[in-house]
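Common to both upcoming complexes is subunit A, partnered first by subunit B, then by subunit C.
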Partner chain A sequence: MSKLIDKTVEEVVSFIQEAVFSERYAGKEGFLQGLDPRAKLAALLISISVVVGVKHITTLLFLYSIPLIMAALSKVPLGYFVRRVWVFVPVFTGIIAIPVIFNVITPGKALFVIWNSPYIAVTKEGLHAAGIFTLRVATAVSYAILLTITTKWNDVMKGLSDFKVPGMVVTITTLTYRYIFLLTSILVDSMHSRKSRLCRKLGMIESWKEAGKNIGAVFIKTQMIGEDVYYAMLSRGYLHTAKSLNDFRFRKRDALFLALTVILMVGVFMGDRWFI
Partner chain B sequence: MHIPDGYLGPYTCIFFYILMIPFWYKGVRWLKNLHPKQVPLLGVLTAFSFLVMMYNLPVPDGTTAHIVGGTIIAILIGPWAATVSISIVLLIQALFFGDGGITTYAANSFNMAVVLPFVGYYTYRVLRKKLSDVAAAGIGAYVGLVTAAVVAGFEFGLQPYIQPGYCPYTFWVSVPAMAFAHLVTAGPAAAVVTATVLWYVRKSRPELFDMGEAEAVRG
Partner chain C sequence: MSRKIYEVRDVSYTYPTGKTALKDISMEIYSGEIVAVVGPNGAGKTTLLKILDGLIFPQKGEVRFMGKPLTEEVLTDEKEMAWFRSRVGFLFQNPDIMLFSPTVLEDVAFGPLHLYDREKALAITESIMKKLGIYHLRDRHPYNLSGGEKKKASIAAVLALDPEVILLDEPTRDLDLKNRNYVLELIQELRDSGKTIVMATHDLRAIRLADRCYIINTSLVFSGTPRELFSREDLLENANLEIPEIIRLLRMVGIDEVPLTLDEAASLLKERMNGSFFPTVEKIPQQTQIKD
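Up next is the complex of A and B:
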């Protein structure tokens, strides 16, 4: 009927599905699920920084294997995990990396000649450059997604306050997360109600105007909800400072996990710089 | 426009984290001056910013595009509100959906939470003296989005000169690619959508439209 309505509803549904699926694995009793979210957040920041900093493809292959092992230990199905990473990577990075394999962008030793005049060939250097670029993105995405699917959203939010993120920002982030779901439901309802009143396909400019009116209406509703939320918070004892019910305990195994991550990542980084 | 991890090298990422410190500092100071009643409102409005990015707008090449909504929030609430809201949205997207990146978070925040709303907002403020509010908002959104895309193109294009092994294309490819896509597809969509939002809010709830004005006066 209309791309605006159908694709937007599709996007919202896939967003909710993703969030629900992530929470499903976060509730399992696996290796990463049993760790303190602060230890996992710190390990993620260190690991991704090393992924971005290393130079060799062999190091990246080694780094890519770590989240796969961690996923298996955390009872996350490997097929689901690998698919989630590689569905994202080819769409953006794979397409961008394709021209890099040719001599036009990366001159070098020709491995496979496609055309003689003008001369177009796949080069060894080009394949290496595209490979390292794609693998780096896939590895970084793997680490980030692994944190997401083994940690409950609320726990990550609580963990953030220990990373010197200002309390006000954590409060707003927590509220945002909660209200995203309410607003997505309002969005889907308004899209369906508009669709039920349509008797023909919307043109492109018409779709943009419809989106504008819809966003305007959601903005007005958002304002009303914001006020209600404030009074609801006041009635429950909100004293203008949010207290985080953070009952995390940093145990020995969390410290050991973090220490091993630091040792492993520093070792990998130094090995990549000086020994490969 | 979300730059994933692996596109920018460590030096570029560190540079953007340092560059963003004063903007985030000023944003947090702005938050501290808010009336307590406005804090939950900003939380819900940040969820609204997240939602704006979910609209799939059909564009001339047959696909669909997303808008960031930074100019909408900057005009309706204020540019610092846009910086705070969009920075939080980008954090949620990077941490929970692998959309954007963690090492590139500061670069993404600079493009979408600083360049886009401020360029959009001040273009709107300048043009509003000569044009209607609605037209000025549309042009502001267009200029803001295209400028942010060109800045992202420059970031990509600088990378091969700083450190190889990341985004492989120089300015000559990355800037025209980013600029063209946003000039002819997402840019016009953002302009029409933003102008319509402003027209709709002004017509339905004019008092809400004045929030950004009050914010501008307050500084």
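Up next is the complex of A and C:
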């Protein structure tokens, strides 16, 4: 973990760029890459609903294993995939999972006492709840990230358009995606320009201090450029729908994939409710 | 007289920050001409082009495109919008703004895909990329291209729509000599094929290509031909432009005419000086050879 913390701004930003924008595996020939993005989106929706609905840790562990198998079938390296998922998990869980472990939120058998008056302790039930919650989030994030790794961004947007998701939502999502790209690119650029004037390598803490100084300016700059990016899209006839060069055809294997997903997920859900 | 493409009447534009970028600008653009919009940094050139492209709308005054008013209401209609967008292309100054897709091919295809079906869009995209010599870049990420390659990719993105009117914001800035020549030739070619071109520029060579030019500095300072512009020092100063060296040279030897090309300058020189200072003009280069 210390390895992850001990990074300069530049390394962290480059990692985000790689994690969010890499389409390295989307163009490979693999199981999921060969499916229609609409089938994948529908399967994602069904799977996530089940992930959110199940109660037992065994069921969650089983559900967590499915994307791992799919990733292997889709030529996505497991280490790469798992790392990407777990980098995003704390973002979603940290704020919620941490308070849950204490007796204040989850009363129960105290495992160790932190404070005597007022009485604050980590409880067994709290740890269990936080564990389940984290696993649930990690599983849901795994499904979502697997979709984005194995599908080109434009195709995901096109799939959303086809599902009659309102044009404004597609536009905002697309712009957000590009905005983050711009923001991270400009941040790296401005860090580079500072570095070139500094004549020495910055340590980890120094790099964050330096970034803090100009992050406001970077935000303003990105916002201005972001506006022009939208104008450039408008100028070329953008009409709040996503278009893709790829021709989507809903084939037999897409139907089969979707049918199997439904059967599997309904099975898992019923098993979780009535048999475990 | 050829068809009137744009009619701009008393247009003023103030940014939300309160900065007035344009004040009472009037101009006309006719079909098939190259018009240069010149002015110092911050004069409002980019703002004017954005207005001509229907991206922002003036608080005061009126813009007409082919006789129709160009307003926010008109452009919210999808049909009108598609009609207008397929006729007018806008090359932004910064290619990074225009290129936002994962690959160059998808980026160039962005416009056509919004207008045509997939097959036609792909065919158009591929042919324009081949024409500009960037087809080999099709699978590259636009962010990792060189400056010249980015410029070409963004030009391809604009031309892919085959617009009748092309708005260019500083098309030759940041380019090396070869790419600058390439873009200047392309502009001429486009005009010869009947396109109408409006460009904001500081490039003297680009201004020389123009049929007419406007100087703006928030308000309109001058409207006329490049020849008139180059003959008036006060105007060049107003636009923060350098007086071309060849013109300075002719002034120094007492010639007040304004040549637009080197050939013109040479014949002016020959006409005036043959037999007076030098025995023959042809010998000058040999006599004044500079070794470095």
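Quick note on the criterion: the second predicted complex is superposed on the first by the 142 of 276 C-alpha atoms of A that agree within 3 Å, B and C clash if a C-alpha of one lies under 4 Å from a C-alpha of the other, contacts with A are read in each partner's own complex, and residues count from 1 in each chain.
As a working rule, contacts are C-beta pairs under 8 Å (C-beta built on N, C-alpha and C of every residue); 3 or more make two chains touch, one makes a residue touch a chain.
Keep in mind that what you see is a predicted model, and the values were worked out from it rather than measured.
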item	value
Which superposed partner A:Ile180 touches (first subunit B, second subunit C, both, neither)	first
Subunit B or subunit C, by number of subunit A residues touched	B
Partner chain(s) touched by A:Ser161 [first = subunit B, second = subunit C, both, neither]	neither
First, second, both or neither for A:Trp153, with subunit B first and subunit C second	both
Which superposed partner A:Val229 touches (first subunit B, second subunit C, both, neither)	both
Which of subunit B and subunit C A:Phe15 touches, first, second, both or neither	first
Touching partner for A:Gly216 - first (subunit B), second (subunit C), both, neither	first
Partner chain in contact with A:Thr261 - subunit B first, subunit C second, else both or neither	neither
Residues of subunit A at both interfaces, subunit B in one complex, subunit C in the other	153, 178, 225, 229, 233
Subunit C partner contacts - residues on subunit A that touch it in the complex	21, 23, 152-154, 178, 181, 185, 225, 228-229, 231-239, 241, 243-245, 247
List of subunit B residues in touch with subunit A within their complex	4-10, 13, 28, 31-32, 36-48, 50-52, 54-60, 64, 69, 72, 76, 84, 88-89, 91-92, 94-98, 101-103, 164-169, 188-189, 192-201, 204-205, 208
Subunit A residues touching subunit B - in the complex, by the definition given at the top	3-4, 7-8, 10-12, 15, 18-19, 22, 44-45, 48-49, 51-53, 55, 84-85, 88, 92-93, 96-97, 100, 105-106, 129-130, 132-133, 136-137, 139-141, 144-145, 147-148, 153, 156, 166, 168-169, 171-180, 182-184, 187, 204-205, 207-209, 211-220, 222-223, 225-227, 229-230, 233, 240
In the complex with subunit A, residue positions of subunit C that touch it	50, 53, 55-56, 78, 81-82, 85-86, 88-90, 92, 94, 96-98, 100-102, 105-106, 109-111, 113-115, 118, 121-122, 143, 157-158, 161
